[in-house]
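Mind looking over this structure? Questions follow.
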Amino acid sequence: MPDGSFAHSQQRSFNPYTDNGGTILAIAGADFTVIAGDTRQSEGYSIQTRYAPKVFRLTDRAVLAVNGFAADGNMFVKKVKQRLEWYRHAHAKDMPLRAIARLIQTMLYAQRFFPYYVYNILGGIEEDGTGAVYSFDPVGSYEREACRAAGAAQSLVQPFLDNQIYFKNQTAAPGQSHPTHLPLPDVLAIVIDSFTSATERHIEVGDGLEIYVVVAKGRSPQGLDTMRGVQEMSARPDGDRMFVIRRDLKKD
Amino acid sequence: MSIMEYNGGSVIAMVGKECVAIASDLRLGNQALGISSNFQKIFPMTDRIYLGLPGLATDVTTLRDTFRYRLNMYKIKEEREIEPETFAHLVSSTLYERRFGPWFIEPVMAGLEKTPSGAYKPFIAATDLIGCINFAKDFVVAGTASSKLFGVAEGLWEPDLEPEDLFETCAQTLLNAVDRDAYSGWGAEVYLITKDKVIKRTLKGRMD
Amino acid sequence: MDHFPTNWGRPRNDAFDPYATYPLHQRATAKDTFAEGVQHTQQPIVTGTSVIGIMFKDGVMLAADNLASYGSLARFKDIQRLHPVGSSTVLGASGDMSDFQALQAILDDLTTDEFTYQDGHDLGPAEVHEYLSRVMYARRSKMDPLWNSLLVGGFRDGKRFLGYVDLLGTTYSAPSIATGYGAYIAIPLLRAAVDGKEDTLTEDAARALLHECMRVLFYRDARSLDKYQLATVTADGVRISDQIPIETEWRFAEGIRGYGAQTQ
């Protein structure tokens, strides 16, 4: 109490979590996948840094985006990468995407009673060469989807994606049908629009945008390889190809 | 439980080229339980001003009647119809009167303003539940799906949309936003206001 | 970031201790039933305030004042909060000073161990930062945190490094970082002067900038001192300065009611 007396015994406990803001997003194409995240890290109203990556390359054909409590996120990525390295040593090959997805679910559920406060989105190329997105909740529930947004601006971005990717509430012209998968340039435009919109209306989103694109082996990167400001990070030119696109977002 | 989510519902208004649109869902709920799929939240205030009242349903009814009364009094005293900007201030002061025991409503209004040259200029505005006015130039949103409406509208809206394009943008924004909101949906209606007519369209929506 | 170390890692609660007098006026009378059990989640007792750090043309510079507070009491006025680690790294600490001293001991042991290997390797700033983040994250995961916000600065192989770690294990790096009150008061000044200009900012300009920030902090942070130290890390190694006094000007307060001595 202000007068120094104790009306009640006080106990305040340590809170081992915080929220570091930001948003992530992934969209699967027929033979490619796009995984993106902004690069702002914040706590409360303070921007801690304008560049803290949330999207990580796991293998030649798998990318993981993590969002929520940054310390848990970084530790989780570290541990996933470690498990994938052990797998490589044991089996002399990279773990397939669907196996990584199950691994992530197991690792998250192992912490069921002290969870990683992290929303994960895994994107990449499946063994059959199709683009795939897996999304997880903090304790490991997961499913394969064509697109998913998560994080601070999930509620702003996901309905936009429903409309633009799944063509929800849109009727195709008579005798025509909506495409099941969009071409890469269309997907990239939607991703960039999503993040500029989220930046405009959400204070925890902004500063920079990092877009990973994984293209299945032998498939066309649809002009991406010649696009301005694109960095290729493929292990081999004849395997699956991986690119990073970096864009500025508003810093206010 | 937040009282703003007790009945659910959402409204959006958008500016176009010499036109405005205002749209709402039609759900009335008792928390998670759907009660009605025909609960209107948008009301004509004059021929060219429409008011959306998302929030606590009992206050929707009360405020609709309050504004009808106050506009009648205005018309009797002034011998003319109210202009949209004046109406926005009427809404604001009506809500601020109850600053410390507010109506649980976040009004959204759309209309056409008569300029000195005789032309009509689009007008939209929204306030919070105690009457802080937001005169936006593009779009305003309110209700339980407001964050979703912001996200979709920010992605779809562009300046100077023709009336039919504005209708489509507004309808798509509302429909896709309320489909991700458990407290909004169950059908929708859109009012498209142009200088010589007002078109009301009732939309089918997902019923889950 | 919350500028009261007492509140770090806790839910905000203005009902409890609204004047931030803890630990001065607290005298727990209730008997703790579990006192003999394992004690976790202490609170910071003797605390240091902000640490500020920037990158500049030739390296990294950190500043921290010499005060260790006991609640609102300025208890120790000759405490060094900058600690060299190896030959290319410096650590700056805010928060609980006993936890910081424990960390110093851990890091000194670590550097000694690394030295005894005689394998031609030693720890650089990135390694020290990574190591500290693991220690801090491991302790938070045991629900027994080390109650600090730390800055790690260094220069190695021609590359600057400036990183942050706190009691939750949260990490990041940026061209300018500040802990505690500095995150609100110094960061706007530092970002304007440093971010994007790291490659041209001279050592003299960097020193003047940090001096100015320490002055502003002394004016507004009630738990700060007008005496601080600077750590500079360049290709030449780590230099920790002598104590630098901050000259202040209070004549303006005379005419302001509530500031200077009041006559009425």
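In order of appearance the chains are A, B and C, and numbering begins at 1 in each one.
Criterion: a contact is a pair of C-beta atoms (placed from the backbone, for glycine too) under 8 Å apart; a residue touches a chain by one contact, two chains touch by 3 or more.
All of these numbers come straight from a predicted model, not from anything done at the bench.
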Topological distance between subunit B and subunit C, in contact steps: 2
Comparison of A-B and A-C (more C-beta pairs in contact): A-C
Chain occupying the most central position, where position means C-alpha average: A
Centroid spacing, where centroids are CA-atom means, of subunit B and subunit C in whole angstrom: 51
Whole-Å gap separating subunit A and subunit C, where each centre is the average of the chain's CA atoms: 33
Inter-chain centre distance, subunit A versus subunit B - centres from mean C-alpha coordinates, in Å: 35
Residues of subunit A that touch subunit B when the two form their complex: 153, 155-160, 162-164, 168-170, 193-194, 197-198, 200-201
Residues of subunit A defined as touching subunit C within the complex: 2, 4, 6, 9-10, 12-18, 20, 41, 43-44, 46, 48-52, 69-71, 74-75, 114
List of subunit C residues in touch with subunit A within their complex: 1, 9-11, 13, 16, 18-19, 25-30, 40-41, 133, 137, 140-141, 143, 145, 164, 168-174, 177, 183-184, 187, 195
Complex contacts: residues of subunit B adjacent to subunit A: 147-148, 150-152, 154-156, 172, 175-177, 179-180
